[in-house]
Every structure is written in C-alpha cells, then in structure tokens.
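Chain IDs A, B, C and D follow the sequence of writing; residue 1 opens each chain.
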Amino acid sequence: MYNFRTDLALERTNIYRKANKLEEIDGIETEDEEVDENISVSRVKVTNENGERAIGKKKGVYVTIDLKKFKFADDDQIQKASDILSKELKEILESHIAKKDDILVVGLGNIYVTPDSLGPKVINEIDVTRHIIKYLPQYIDENSRPVTAISPGVLGTTGIETLEILKGIVDNIKPKLIIVIDALASRSIDRISSTIQIADTGIIPGAGIGNTRKEISQNTLGVPVIALGIPTVVESAVLVNDCLDLLIEKLQNEAKSNVFLNQLKEKDNYEGIKDVLNPQDYNMIVTPKEIDELIENMKDVVARGINMSL
Amino acid sequence: MYNFRTDLALERTNIYRKANKLEEIDGIETEDEEVDENISVSRVKVTNENGERAIGKKKGVYVTIDLKKFKFADDDQIQKASDILSKELKEILESHIAKKDDILVVGLGNIYVTPDSLGPKVINEIDVTRHIIKYLPQYIDENSRPVTAISPGVLGTTGIETLEILKGIVDNIKPKLIIVIDALASRSIDRISSTIQIADTGIIPGAGIGNTRKEISQNTLGVPVIALGIPTVVESAVLVNDCLDLLIEKLQNEAKSNVFLNQLKEKDNYEGIKDVLNPQDYNMIVTPKEIDELIENMKDVVARGINMSL
Amino acid sequence: MYNFRTDLALERTNIYRKANKLEEIDGIETEDEEVDENISVSRVKVTNENGERAIGKKKGVYVTIDLKKFKFADDDQIQKASDILSKELKEILESHIAKKDDILVVGLGNIYVTPDSLGPKVINEIDVTRHIIKYLPQYIDENSRPVTAISPGVLGTTGIETLEILKGIVDNIKPKLIIVIDALASRSIDRISSTIQIADTGIIPGAGIGNTRKEISQNTLGVPVIALGIPTVVESAVLVNDCLDLLIEKLQNEAKSNVFLNQLKEKDNYEGIKDVLNPQDYNMIVTPKEIDELIENMKDVVARGINMSL
Amino acid sequence: MYNFRTDLALERTNIYRKANKLEEIDGIETEDEEVDENISVSRVKVTNENGERAIGKKKGVYVTIDLKKFKFADDDQIQKASDILSKELKEILESHIAKKDDILVVGLGNIYVTPDSLGPKVINEIDVTRHIIKYLPQYIDENSRPVTAISPGVLGTTGIETLEILKGIVDNIKPKLIIVIDALASRSIDRISSTIQIADTGIIPGAGIGNTRKEISQNTLGVPVIALGIPTVVESAVLVNDCLDLLIEKLQNEAKSNVFLNQLKEKDNYEGIKDVLNPQDYNMIVTPKEIDELIENMKDVVARGINMSL
C-alpha cells in the first residue's frame, strides 16, 4: 500500500490514479457535483477488496464536501454549507437507523490545541435532547430523537484509549448510531478547515503508522459509526516531499542536469515556491503544534524579564 | 542585499558568512556564551556601514538569547531565562537612561491570532507604575521608575499606522525610552517562541518587502527604542527553498544525475525529510495564519449541519 | 444629587420620578416605543439645567434600546437588534458630521476580564477602512468613509489615562467624530448585556465617585463623542439595598411590626427573594470581578496538589 | 433539615451551632489549625447519624483548606497551598488504597462557563501515566501509579448523566479510587475560589433541591470517591436573605420599630451594606451565569450596528 499521508479517500484515489496512470480503478466508483461556485461535493465508493487495497480505505461511501474561499464566508455561506452537510448526513442516517433511534455524537480532539479543537467545539453546540426527553418530556416534541454528545479528550491528557471511554458510554446509554467528528491530515493546504469528509465506515487509523489508537467503528462498538473528518493540518514534510518530487520530475523531463542545476542554484527559487504554496491567498506558516504552550512560556519569560529590569 | 527571510541578526550573519565563505565580516563583531546546557547568549555588533550592508541591519547591538527544550520548561527554567533577559536588558537601559526616567513598553501584534499574540499578552503582565506614582504616591516606593504599557493593535484592525498611535502617546506622556515587543520571522523552526533578540536600534522593516509599515525607532519617535523580538513563524516557502538548495547541492556534489534521480524518485524521501525538519522533537505542522477563524467557521457548519440532520 | 448607582439616564429618570412622586420633570422629555415583542426603544432628552441637576446627566439625548430574552437570541434577532441600533446611530451621526467625515471608534475596557471585555471585542469586529483608502484606494468604493478603531486598554494595565491616549491619537489622525463603547453599571439585572444606551454627550464619570478618570467628550477632545454604553454589572450592594427598601416600606405600610417581624424571621424568605431576583429566567450569581484570576490560581493549586500526592 | 445553601460541612456546622446556640453537636467533631497567616485548615468529622441529620452530610471526614488573600498569590504561595493540599490528600489516599493502585481523576463542570470551568481546567494539568505504563513502560519509573483523568462534561451539553458516563469508564478501566473535582456553592463570598473542601464521602447532591443529578460515590461506583470541592458561586438570593435576617434581628433587639424604620429609610444604607459585602477587598458584582454568551451576542449586535451605520 502507498503511504498516502492523507486521510481523504478522494485525495488517495487521485494519487493512486496518477501514480498508476489509470482512468478507472476496479472497486472504486467516483462522482463529482458542483453545487455552486463555492461548494462542490465528491463521492468515492469503495465497492470491493481491490478498491480497499488500492487506496487503503474500507468498503463504504466517502462523501467529500469542499468549501472554497471559506475563510471569507459570511453567515449565508455558512448556512448553505450546513444545508449540504445536513442533506448528505440525513441520507446516510436514514439508510442505517429509524427516525427516533438514539444517536451519540462524539467530538475527538483536544480543546486546548487550536488545530485539534474542532471536535470539542462542535460538541459544545450540539442540541442534545436525551435528558430533556427523559426528565422533562413535557417540554419537547414527542417525535424528537434522543441525542447525546461527548468530548472524550485525547489519550495524552486522559491516559485512557478513546475506544475504552466510548465502549463504557455505549454500554450504558445504548445509542443506535454514533457520529464521530475528527481532525484529519490532508495533502492540500487549501483543504485545511475547508473540507468535510463523511464516511460510513468509522475511523480506522492507517496500518503503517504503528500507534496504538484503536479503530472506532461498528466492529469495535457494535453500532454503525459515521465519521465526519475535517482536515486541519498538512505536515511540513509532505509539503517538501511534494516539491522535491516536482523538481526531480522536471530535471528528468528536461534532461539538462548540470547546467540547469547551476542555474537553479543561482536564481532564487523562493518566489516560485511561494506561488506554488499559496494557491488561494492563504498566508501559510509553519508552526509547532505546541505553539500555544510555547507562547505562554515565552510570555512569562519576557514579562518577568522586563519587570525585573525596570 | 540578500533576501535573508529572517529578522535575526545572528542568522543573517551566519547566512552571509556561509554564502561568502568568510570567517570574519568587516563591520561585524560576534561573541557567544553558553550560560548553561539550555541557555546560550550571542552578541552581534554591527559597527560600520559595511556591516550594515552585509546583513541589512542598522549599526547597533543585537543580543540573541536561545532557550533550548523550552516547551518542557518548568518554573525554574522560566525564571532563569527571565533572569538572563533582565540582566541583558538592564545593561542596555543603563547605557541609555537614568534610574528614574519614564519607560513606555509597547506590545505589537494581534491578541486574536495565536502566533501574533505574544506582544499583547506580555503587556497584560507588565507592572505599570506611572498612575500609582501620579495618583497614589503614598502606596509606592519613592524611587520607583514610572512605567507605562500599551498594545496599540495592528493596522488591519485599527486602520491606523502603529507609528501614528505611538507618536500621539509619546507626545502626551513623554517617556525617555521605549521597549517594543514584536513577533519576528526566523529561518529555523526550533527558534519559534524559544529565542529572544534584543536590539537597541528599534524596529526597521526590511526594505525589500514593499509594505508601508513605518520604522519605530529613535528617528521617528525621538527617544531610544529597544526592540525585543521573538520568532513566532517560519514561512513554508523558506522551508521548501532550503530543502531544494540542499538537494541541488547534493546532486552537484555527487555528479550522478540521471540514475540517481531515478533512485530518488523510486524511494520515499518522506522519512528523511521528516528527520531533517524535526530536529528537536517538535511535531511540525503547516497551518494558515487564519486557522482560528477557519476553525470557528467550520465549527458553525458542522454543528448546524448535524443539528439540522437530527 | 441622588446617588443613583446606575449610568442609564432612563433608570435615573424613573428613580427620580418615583422618589419625588412626579409625573413630569422640568427639563426632561421622555418617549417610549415598542419595536416588537422583544425590542423597545426609549428616548430621554435632557433639555435644561434643571433636568441636568435632577438626574445628574448632561444636556443631550439618551436613547435606550432594550432587548428582551436576549440570551436565547438567534441570528435573526441579533440582526434585528443591529438594525435598530444602526438606525438610531445613523440619525445621530447625520446630525453631527458629513457623509465622508472620518470616524474613530473606541472600545473601552479590559479584554482579559469577561464582564469588561465588550469594548475590545467590538473593536475587533469593526470594518476599518482608513488604511485601505490611504494605501489601496483602488480596492474600495470611493465614497467610503474613513473608519479607524482602537482599544486603548484600562488605566490599571497601561498606567496611562485613557484620555491621554485618545488625545494623542486624535491629534494625529484628526477624526471628525468619536464613538466610544463602554461598560455601564445598571440597577436592573435583566439589563445586563441586554440594553444599549446611546448618548451624544460623551462619557462623564459621576462626580461622587472621586476617581480620577477624566471625561471623554467634546470638551476634552474637541470633536463630538457619541457614547454607546452597555450595562454589564449590578453591584451586590445595590441589590441588597433595594430589597431592604422594599422590606422597610412593607413594614411601614402594614404597621404591624413586632408580630410580623417574628413571622418574617420564622419563615424562610429565600424562595420569595429568589423569585424577585430572577425575573427573567436568569440564574444569577455573585462573583468577584477577579473570578478568572482566582480560578487560574486555584487550578494551579489543585493540579499541583493532586500531582504531588499521586 | 435546614436549607443551608452551602455545600461546605464547615459552614453548615457553624450555621447549625449558631441557630441552636450549641457549643458542641453530638456526632460532629471539629478541629482547626492555622498553618500560617494566609492558610488555615479545619477538619469536620461526622461520626454518627445525629451528626448526619444535623448538617445534612454523610458520615466521613471533611477537610477545609482556606487560602487568604489568594487573588494576590504569587508562585510561592500557590506552591505552599499545593503542598498542604497534597499532604491532606495523601493521608486520605493512604487510608483507602495501596501505593500502586489505579486512580481516576474526574473534573466536573463546563469549560465554557468561567465559574464552572475549574474541574476541566485541572484535568488538563494532571500528569496521567496509565497509557505510558501500558504502552511505553521503558520511559517511566516502574513504581509509578497508573493515573487517568477525564472531564465528562455536564448534563446540559452531553444529555447524559455524569454518573452514567463514569460507570462505563470505571467498568472498563477499573480504578481502585476516584478523585472528583467539583464547583460548590458557599455562603461566604471570600471563599469563592479560595477554599478547598476534601471529603471522603463522594458527591451527594442535597435532598431538597429536587434535581435528578445522581450521587457519585462508593455506593454508585463501587470504589472510594474522594471529593475536592471548591466554592465558585454565592447566590444573590442567599446574600439578600442574610442581610434581611440581620436587619430583622436588629429591629427586634433594639425594639424601636417605627421611628427607627423612618430613620433607616431616610439615610442611605448603601455604604453600610457595601462594607458588609466587601469584607476582603473583593469588588463584588452580580452577573448572570450566562454572562459570556450574553456578551458574545451583544458584541455581534454592536459591531454589526456600527458597521452598518458607517
């Protein structure tokens, strides 16, 4: 299997196609739709084991919603994007459970680390109803679906596998379906916090990574798990790797190595690289994931240093 | 002049030396000191116009304090780093003003953008005294120096040049010296929020950048301006550019272009690149500077989308 | 003059009327308007010195916009309230300056203290234009008004009187009018962050308080100052004082002192008081203003205490 | 049983004693200790059913640590308070479990509501070890105790009883003891975020309140539950009620009702009340618990209103 370094089925399909110079992949069906100039929806369907092997994703449906110019989004665009997401999600829900079946929404991630905080932030806004249906039924429409929501935290701050926490909760409250919100890695900078992947296969960490995070899926929890994944990071190594690939390709194609290399070295490649990296007016920076903590520490140093010197 | 893409005099000196294969640069004196295993201090002194031209920095002293393993810093290390900063700062202050002269501390940057929030956060912790000396002198040691502090905000959110705001304040409160805290760009990822540059030359934005930010210095404000600069970002283009340079150099040195290029393309460079980019156990990511805003927008989409679908 | 303990002209007028059992006050004209079931607008006009003396507010117009059930406000209600505010503000602006005259918006308060953070938060959202008109005129409608915005901080963290900071800025950028956003004290808990007072008289701290905050008004800054004040606190002493007044009145009216007092003491007044204090489904609490700081300190104690004991 | 309106055993004991004019209460032993001028420790031991009935607290030990002038605490005082807490906690732990037994730390409360955010904030700082012992035993001392930590959220945002969440987790990770951090109500404003109550009885919501929060204790979870409770709120109704009681008492004692009432009404009680309410240089305010949400809504109104009017 390729080391795709992206969790998006759509990006993986495109990488696989390009690498193998294929138009079609056996076991993978795709479909694209332009909703309007700023929203597009793609569907990748993995239909057999060949498709699974090709892109390293389980059999199932992967819907990708891309939101363009999303950082300038006003309330109308946010509402429109919500409508599309709601429509896609509803379809998947209806194919798995009945109208009044219990749903548990799970927001993975760490509220204290900005690029990892999306899951917990979403949970805070979910309209939960189970406790109202249970304790104050007179205040709620009798056809309401019981909804619960939880942010279980991350292994590094709880010391507990997320799966262990969820298992216990599922045993106790017995939802019929779980929606998991998770941060993904993407290969494309303009997908950061601008793309949503909906998958009906749960969350299955890649085989090659060697960590111990356990699969969160119907296999492990006993009920269907719908994953909403949003890319929030691109690794800097991915970025550099992609640039090297481009350069090597260029060198080979043009077959003019030595003189060309000298020229390349003479001229400043920075502006060209910058153009490549900033396709959509983002001002890209490389930061350590611990930037918030580092800034707090440094704030203490500088404030104390100044105070003591005055 | 080189396009150094770093605001640190120390990095610029090293780049210039390496590019010109020089041991010494006329007009630049340097000096290094290891304080302990985690703290080192370097001094770059630009002494004449040749030095100014070489590294694009005004005549003056640039002290760089490097803090290693700073993300794991405990309170003792933070205190030690503060002591060093205080010592260096005191020396500079004493060479410019008298013991009871007024000082204004200015924190540049935007409190709402994490990597740009250091200046305003420091200002919040400065022990200001001028108002106590003025209105409640009985509550303060009569030898106290009047200290004031302000975060003037950034042009994009105020619509006003920082220099214009500071001019007005300086005219009204007439400090004898200004300390400015600013976020810098660095070329080295492990300097992010782990290095402090103290310069007695104020803040002089690079000529080549073409923006209209005006110099904040004795020239424009009439009193000495000490700049405390802390690197908080590295551009991803810088990173990729550096990697390309390394590759080209390697290709030339080894003079085995075509076969080698094929090999390079076959094998996966990712792990090697990752090693190069993660020299000090940072988990590096590439994020748009607007990450916080993008996350807020996306949170709304996902929460609304889920709520509407349930 | 009464010690009204409210900054709202409307509440002062009502207190004065009730205390003096007056229907009309010479020098004060009032007018009420119900915009819809959730928004009402009142206008208090102070027309002569008698009115000034009566309610301790300068000659001028004080418009109060009351937003009911505002904690449950959805986006539509927020937009509707914004429309009303915009309409009232526009009228006042048009009576003072021309269409393209410069405006400076000032957000008073401390971003780090929740109940005092409204001003700085608003400033962060103001669409500033002056720098675009100045540096990038091609990107903006040529009829745009130059708008600037600043959060000058508070005396306790800057050491500088707000007026001194504003004077300097006004001298440099020469706006034709200033809009100041400020937190007010109110007597009524259900007005907290649910009422806006617009006054064309600037901000004039009460004579009786004895602090040194200087007036921010046309007198001191030379251009008209429109104040937008939002109540964010009620003092607990005000609350208790009001309750005592009610009790004393009741005791006198009913003229049945001793037996009644015994009864009062026997029965639990708590539920009755709670009803009085929670008129609009708020869950009221009494907190020290420094609650955020206290919580940070306590967090350190508890986390360290637990960590050391494990 | 009294409606004490405080969760502190110490305050309840004092209220009961005063109300019944008792020196000693059968079934309750107390002990006070001044650690230094800023820290005192009190122990209340409920030893039989009479004691339980008297103060409405289960048989067990309740240790109260009071921190004076805590809002001005520097790092040394915070460390000292942590030491005391650690010492008290260690004693209780050693009486219940062995050195290497698993502990689960639970932080109750809502991270998004300032006065309710202490529990989740503490959890973020706990040194969890279970996952390191399990997955990376080579990196940790082999005598380390497995520690886990979780913030389960609140019923209003999860829709799930905290007890149900904890049950599931306890079933899966089988800790030998649980430490629960919770916000309490107190009667005394100067105890807000300045007092810690340690109880070996778990958390048992008062019978009279009629809510459905279920007991978190050895009874329901099968392992000992140590509760660390920190007062973060005082209800305004409690405050007013206390003041009325004082007034009524005064009126009765002095037996001079009518003339006195008139005098009372004439003079301004505000300053006296303010003195009573501000015993320890706190600047007390009354806020709705939803203050943060109200401020966000109001920020939108004011920013939009201004933007549209300019």
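Just so we're on the same page, a contact is a pair of C-beta atoms (placed from the backbone, for glycine too) under 8 Å apart; a residue touches a chain by one contact, two chains touch by 3 or more.
Quick caveat: nothing in here was measured; it's all calculated off a predicted structure.
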| task | For the sequence-identical pair chain C and chain D, determine the rotation angle of the Cα superposition and round it to the nearest 5 degrees. | result | 180
| task | Report the inter-chain centroid distance for chain A and chain B in whole angstrom, where each centroid is the mean of the CA atoms. | result | 32
| chain B to chain D: how many Å between their CA centres? | 43
| field | Shared interface positions of chain B, touching two or more other chains | value | 126, 147
| query | Chain adjacency by touch: line, ring, star, complete or other shape? | reply | ring
| Full enumeration of touching chain pairs | A-B, A-D, B-C, C-D
| field | Touching residues on chain A, where the partner in the complex is chain D | value | 111-112, 123-124, 126, 128-132, 135, 146-153, 155-161, 164-165, 167-173, 212
| Given the complex with chain A, which residues does chain B contribute to the contact? | 3, 5, 67, 70-71, 73, 78-79, 81-87, 89-90, 93, 103, 105, 114-115, 117-118, 121-122, 125-127, 145, 147, 179, 181, 189, 192-194, 196, 228, 230, 232-241, 243-245, 247-249, 251-252, 255, 257-258, 261-262, 264-265, 268-270, 273-274, 277-278, 282-310
